[in-house]
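The structure follows.
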């Protein structure tokens, strides 16, 4: 059976070159970078090299990169670490309603610790209005965290516009760039932010590694206390093979981004155009233009995401959904709800995220197999029969 | 040149079988365990299997295992998560003076958060007296954390005796078993603890993965907020290859422990006996008997650890030291100081930790190359010349 | 590992008794689309037995499989027997359901019971009308 | 990457001028073993120039290399020139030192200066004695 992986936002595969770069560190080069002997020296060297590579990808300096264990850890570290470092100045934090849970729930924890959090709404495309950030700023605002792009609907946020405001007010600005770094050009200086999260498994690097970039001079309190790895900012024996892999992935991404963007945008635009043409009562979610090249997201009315996923999986197609049933927490995507999509429609969420291996044939294939699945599920759906009866009644 | 790796406490190499088990997950089986399709299914299955394997090694139930990114993360999670979960009951915590920095510094952070920490001293062998724990218990004591064995001096702590006390007082008891799990038999039921930390790279598993076992029914607040991976207790995309590797390492360790213990104890006892016989003014640190089979630690007077390490490294021998110069924080090992060893003597700390590949020839080799190194450094040492002059004067 | 048992997958892939019954003797609806799962059961009753059952379901794989198996379990049973079908017996018959799916997708028994209640209410009315 | 430069490694591996000078003209000691590094410098002075220098060092690789290079840098210099050797020039001569090692192991210049001071003090005393 044909196999099509359209779930690159969940995780990309590992690039074979990245894997190749990692293998020696799963073998002879097993040393601990803190050790003072040849094994340690080699490990330390490779971690330093990876730091240069990651810094290079985002226009940063190597010593500003702190390796972490995931995008989630980077976000927890940023929110809690930056807030705690500045609590003497104030306790007010601003984030958006569509942040990833690792930001949202970190903010909730900060609330328990006595911080005050303002959630900025988004428009129906999922875009934050910089003016809303501006208006939310108070005397005691110490931190703004707005994501660079949303992984579920692909919408890009106006980070530069927001950083102009935070800069003016001298407020630390963190951006969760887990969905963008390695996929579109990201330059910390151009963005004007003070801290930025990224993760390896979003651009053909390994799982188990992320990074937090913190502008030199910005204080941050460690999330993981212990030894003085990572300049005393993140304790614990370094995950050397994964760090080496992240470095390699960063190096490769620097070269691959333009070609990937062109290719993904083509696939995306085909799907954004052709899927609604083939399936009535389906809508594109997220911004029509200002979105990640690799993201095509929809809601398909009257049916539910998980059953679509399962039937697509039987046809060899891997996608994801923001429906309540797929969320394990059994709540419809907070992102779709924040965009004003009804709970009922949000249940039909379907998300395609592209990877290097995807082709036009993959798009053809999913456009061929999806409509009968939708039909079949709609035939089972009491919502659909009500709709049909109502439209008949109406006509 | 002969190469001898005697630094297995810093990190062990990866077992080739563990590496083999991991490789598919760096290739085709790259899915995210949260995904609802074949890729996700396979990843989820392997994480579940690894959970069984790790639970099996320590006599626990699979659902009690929470995978983390390191031993350090497990300890931070345990200290902060268990303390925060119980702060309504009280704010007093008891740990020992010789805990790993990931416990000590987590406790220091808890102090900043309003908790009260009692540090229990150790005797000259590094042993905690259970009666000291008993005497330190107050009405508001909510957590005790004492390590199972110290990685620097190998001393084993009387965990069972302490757990009898904590059980009686209904106080949560965590043990940092990073140095023991996979190296000696560890059974959570026999130990009588409520939570236990372990790490992959201490027993031929990968870096970048650890686990925290928490007894069913014991509440813990997440350290990493976000998605609901690991039953909502540790957010972030799972490091699947490393988790699979940890599982495999646990499975292998279960079989290997008896043979490893016999072999290591033999090497250890040779070195503990023969090194001081060849180098005068050298002392064994840690408990003479009640210590890890794989640990032989010493202080060599009048010279400093880092220069010994460097000269041993030139002879192909990798060891470590608790001297101030090797610590990066430039403080002599708090463990040696807590045991009553003077700063001056602690500078001469030298730590040998054994691995599966070590042989009697390795011991012969180090016993051959170390004495001339010690001699040479002593010839350079002003402390040694003072000592020599003083002894001559005295005789 | 798939999150669902083989039996769930079988009923999800080939759900039995999907559809509506025109002039059903009883109709029962349970759940709502906000939570993600909604089921409508239609029954025909003959001599106090479920002579035909059809359902329509909006929801996840588990919800569809639950509806299908409930229709199969109840078919031909007396109304009293059918009322003994519970979420627990349904989950058992499906060889287990994921823990987090147990409550929200396992509404099939309730929807069926509602259809039976609806039938009984109508019966009463009809009898009342006759008297 | 080794934490030390090749130059440091060279001086650590083959330190120049290790030893003591009997009847030294000046002796200077710096550091203490609690911090981990301690150096003793011995000098012989002829016509205001450092005619011989020896040292003993307890400490890390950097401390040993620092002592060695200081002895080399100062050898043959006038006392005034030798007083111009600073931790900075020592580190530069060694092609850099790790940041965290800069302060505590880079005591060589101070120890040498102390030895020169000691020599001068003794000179003064001797001269004082003569007068």
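A, B, C and D label the chains in the order they appear, each numbered from 1.
As a working rule, a residue touches a chain if its C-beta (ideal position, glycine included) is under 8 Å from a C-beta of that chain, and two chains touch if they have at least 3 such contacts.
From a predicted model like this one, the values you see are computed outputs, not experimental measurements.
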Chain A and chain D share contacts with B
Greatest Cα-centre separation from chain B belongs to chain C
Between chain C and chain D, the Cα-mean centres are separated in Å by 91
Cα centroid separation, chain B vs chain C, in Å, comes to 56
Per the C-alpha means, the centres of chain A and chain B lie apart by a whole-Å value of 35
Whole-angstrom distance, CA centroid of chain A to CA centroid of chain C, is 40
Among all residues of chain B, those touching at least two other chains are 36, 306, 310, 326, 328
Touching two or more other chains in chain C are residues none
So, in the complex, the side of chain D touching chain B is made of residues 12-13, 15, 18, 20, 29, 33-40, 56-64, 100-101, 104-105
Interface with chain D, chain B side, in the complex: residues 302-304, 306-307, 310, 314, 323-326, 328, 330, 332, 343-344, 347, 379-385
Per the touch rule above, chain B residues touching chain A in the complex are 5, 7, 10-14, 19, 22, 26-28, 30-32, 34-40, 69-73, 75-76, 100-102, 105-106, 108-109, 199, 201, 206-209, 223-228, 235-242, 306, 309-310, 312-313, 317-321, 326, 328-329
